[in-house]
C-alpha cells in the first residue's frame, strides 16, 4: 500500500521534490539538517488524520539548490513563497531542528502564514547555557550520534543507521551537511535577530518540544524561544531521558502531544 | 631547473605524546607553545633560508597552516617579507596563501606587492584552497571554498593588472574603490605556482591558467595521472605543457654517513608525520570537496597526500567514531584505536616508527648520504620531469646542526648532481621557458610529460604506510 | 623617554600636479606608481630605520594607509616583519593597524604574534579605527566602525591570552575554533599604544584600557584638553595617569644650516601635506564619527590646528569660511581645493597658496625645521606643555633626497636626541617602559598629577 508519494513540482522558482502522504487537513513538515529521514512511525501516525506535505529542502535529495537562499531566513522566505503559490496558507506546521528554525523565521516574517506551529528542538537561537553543537567540525558519526540520548532504547534510530553505510547514503549525508553549512555556517547555527522578530508574532499558538538531554541544541534554548514568543500563546514541553529527536525517542508521547495540540 | 629549499618551520619542541594523545597536530592546545622556543626557531629557520641561498638553492619555499605546531607559518607572509630583504637572489615561493581564509583579498594583493617590490621582483606567490582545518580555524565556509578561491584569485589579479580606481561587485566580495597604490615589481604580474595533492579540478584549473602545478610529494603513479590530465587540458587550451609546467616536492634528509642519516631521518615520522596533520572531522568539512573529488578520493587506494587523506580516512570521516553507524569498526587505524582506548600512546608510537623502512622504500621519505639519495632523486626526476624541485627538510626533532648539515650537503653535492641530471633529461624550469608559451596544434603528437618506463622501475608505495 | 623615528614612507616621486588635480593624495590613480621607484624607496626607508636605530632612536614607528602615495605602508606589517629581523634593540611601534578593515582579526593576532616572536619581544602593536578612506578602500562599513574596532580588539587580546581552543561568537565576528599556535613573546601580551587625532571617545577608551595615547601632531591646546580628559578618566578608573600614558608625534627636520633647513623644510607641504590627505567625501563617510566627536572637531578647528587627515571645520559644514585668508594648513588646503574643483583656481595658484602658509606652519609648530640648535628649543616647548613619555620624530613627507633625510637622522641622533633626553630628565618625564601605565593607584578626592603645563602652553601661543 502506498502510504506516501514523492513528486517533483515546479514551484517557487524551482523544481522542488516533495513527499506527500495521509489524509485530512494539510500539515507542513520541515525536516532536519540531516535530511528527510524517511517515512517514520510518527509520520505514519500523524498521517492518519492529516495530509502531510514534506518539501525536500532545496539542496537536498532531488531538490536542486536555490542560490538565492543564502541563510535560514531566506529558506523561510522560500517556503512562504511556496505556500502562497500552492495556496496552502494558513497552514499548520511542524519543524524539526533547522526545519524548526526555518518555521520560526517564517512566523517572524509573516505569522499569518500559519494557523498553529510546532517547533521540535529548533536551532536558530543561541542558548543561555551551553553551546549549539558545531555539526560542521565533527564527523557525520558524531553528529548523528549526538542526536540521540539512548540509542539502545530508540529502535527507529537503529533502523535508520544500522547496517552497512552505502556510498549513496554517504553522499546524501555529505550533500545535506554541505547545504546546511552553506546557509548556517556563520553565525554558528543561529540568527541573532530572530528573537527580536519573534516578539512580533501574535495569534499563533505554538508548541515547543524538547528533550532534556539534547546534546545538539541545549535545552536552555527552549526557554529562549519561549521567551521570544512571549506575545503569542506558547507551550513548552520537555521530555526526560530524551535527546534531540523526541519524535523517534519518545514517539508515542510525541504523537499524542502533537495531535492534541493541532486538533 | 629551479631547486628550492623548504621547511615547514615546525615547532619541533612539541611533546610527541601530546600530538598522539590529540590524534593529530591540529588542535594541540596552544598552551604547549613556548614563545622563547618559538622566537629561537623562527630565527633559526630564517638562518637556514639564508644559508640555503648561499649554498646554491634557487628558491626558498614557504607554506601556511593555522593552529598547528606542524607549521609555525600561520602568516607566512611575515617570513616572506623578511626574506625579501635578507636574501639577495633566491626566489621567494609561497605555496600557498589559502585564499578562502584571507577574507580581504585586496589587502593580500597589497601585501604581496610590497614583498615583491622590496625583493625587487623575486616573489612567486602561490595559492591554495586550504586544508579543511584552515577553514575551521578561520571561519571560512567550506561550502563556498572553491568559489571563494576563484573569486579572490580573480580579484587579486585585477588589483595587480587593472588600473584603478574601479569597483568590484562579485558574489562573495565587494569593493567599492579598488586602487591599490602599491603594485608588484614583476610585470605584468608575478608568476604564480599552485601546489596540490590529488584534486583533479585544481590541476585542470592550473592548466587553464597556465600556472605551473607543484605536486606535494604525491605517489608517482597518481602524480603521473594528474600531469597527463594537465597536459591534455593544456592541449585543449592550445598550448604545449612541458617541464616548465610542473614541480615536485620531496621529503629528504641528508647526513655525512648512512648510519647518521638513518638514525636522524626517523624525525620525519615524528608524531605520525603529515598523516597526523589533522583529524578527519577537521580535514574534510562539509562542502569542501566536490562530489567528483569525493568519489575519486574514495576510489584512490594508493595516495595519502600531505594531509593524510586516504580512502580509509574518508570512510572514517563518514562513519566516524560510532560503532553502530555504517561499517563495523573492528579494523580502523591506530588513531581510531587510540580514541577507543584500544591502544596506548607507546603502542601508537611504535606503529608509527615501524613504518620507517617502508616509507623509504616507497620514496615517501628519502634518507641517506648524497651518494645514496641522488639515485632516488634521479628516478623521480626521470619519471616526472619537473622543472621545479623542492627539497623538504624533515619536520621532527633534528638538531639545528643536523639540519644545517643536511642543507650544506644538499648544496655541495646533491644540487650539482640534480642540475646535471636535469640537463641530461632536457628539463627546463618556468624561468627558462615561460609556461604556456609554446603553441599546440590540434591533432599533432606531443612529447610525453612523464616517463612510463622509468615509472615501472619505481617502487610502489605501500598504501598502509602513512607518513 | 622613548624617542621614536617615524616616516610615513611616502612615494615622494608622485607628480605634485596630479595630487593637486585630484584634490587629495588618496585616489591618485595607481598608474603613477613606478615599480623601480617603489622598490628603491621601500629599501631606502628600511635603511633609514636601521640607521635611526644605530644613531640612538629607541623605537621605529610605522603607520598604515591604503590607496595613497602619501604612505606606501598599505600593509605596514610587511615592514614590521622585516624590522623584527634586521633591527636589534629598537622597539617596533605600529600606529596603527586599522582594525575595522581586516575582516579576519584572528589572522592579525597570529601575524603580530609572529612578529613579536621574531623580534624577541620588541613589538608595540597599536590600533586605530582608520581614516575614512581606509573604510572605503577596504569595504568596511563605517556605520559599524567603532563596533568593529572594539570587538576585533577584544578578540585579538583573547586570542593572545586565553588558552585555546575556544569559541568566539560576537556581534561582528564568529570563530568556532580559536587556538592560534603562535602566541606573542611578551607576556601577558605586548604593550599597546593608541594614536589619535581629536576623538574624545578614543581617549576615554584608551584611559579605560590603560593604553598610552599618542597625539598625532595635533594642536597643543586641543591635545592638552584631550590629555586632561584622559587624566580624569584615569582617576575615575582608580589610577593616576602620568607622562607614561602619553606620546606625541612631531614633524622635525634638521639640516646643517638654517638656510638649508628652511629650503628643505618646505617639502613637508608637498601636495598640500596632511591637509590634502583625502577629500571630504572620503574622510568622513556616513556613520564614521559620533555626534560628540563631530561637535568637538568643529570647535577645535581654529587657526594653527590641523588634523592629520584633512578634517577641517569647512568639511564639517561650519558656516563661515574665508577663502582669501591664508589660515592654517587645513583651511588653506581645503578652500583652495574647493575653488580648484569649481575651476576657479589653477594648479599653480593652488600650489602657491599651499606654500604661502610655510612660515605660519612653523610658527604654529606644525612644522619644525632648522639646525639642531634651533629645533631643540621648539621641541622643549612641546615637552614642557605636553610632557609625553614617548616622542616621535616625523620625517619630511616631500621630495627631499635620501642623503638629506639621512643627514637629518644623523643630526637628530648626534645632537637632538641627547638634548631631548636631558630635557626629559629635567622635567621628570618617564616613558611606559620605565613606569607601567596605570600602575599608580589614585585615591578619590586627592589631586591627580598635572599632565600638562598651562603656563608653557600660554607662553607658546
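Residue numbering begins at 1 within each chain, and the chains themselves are lettered A, B and C in the order written.
By our rule, contacts are C-beta pairs under 8 Å (C-beta built on N, C-alpha and C of every residue); 3 or more make two chains touch, one makes a residue touch a chain.
Predicted, not measured: the structure shown is a model, and the values here were computed from it.
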Looking across all chain pairs, point out the one with the most C-beta pairs in contact. B-C
Taking CA centroids for every chain, report which one is farthest away from chain A. C
Most central chain, judged by mean Cα position vs. mean of all protein Cα atoms, is B
How many angstrom lie between the CA centroids of chain A and chain C, rounded to a whole number? 54
Cα centroid separation between chain A and chain B, in whole Å? 42
Intercentroid distance (Cα basis), chain C paired with chain B, Å: 40
Chain C touches at least 2 other chains through residues 174, 176-177
List, in ascending order, every residue of chain B touching at least 2 other chains. 136, 139
Two or more other chains touching the same residue: where does that happen in chain A? 136-137, 186
Under the stated contact criterion, what part of chain C meets chain A in this complex? 167, 169, 171, 174, 176-177
Per the touch rule, the chain B residues reaching chain A in their complex are 136, 139, 141-144, 280-282, 285-287, 291, 294, 298, 316-322, 324-327
In their shared complex, at which residues does chain A touch chain C? 126, 131, 134, 136-137, 186-188, 192
Give every residue of chain B touching chain C within the complex, in rising order. 11, 27-31, 33, 35-36, 38-39, 42-43, 46, 66-69, 72, 74-75, 77-79, 81-82, 84-86, 101-104, 106-107, 110-111, 114-115, 117-118, 120-121, 136-139, 163-165, 173-177, 179-185, 187
Along chain A, where are the residues that touch chain B in the complex? 136-142, 144-145, 151, 158, 161-162, 164-165, 167, 169-171, 173-175, 177-182, 185-186
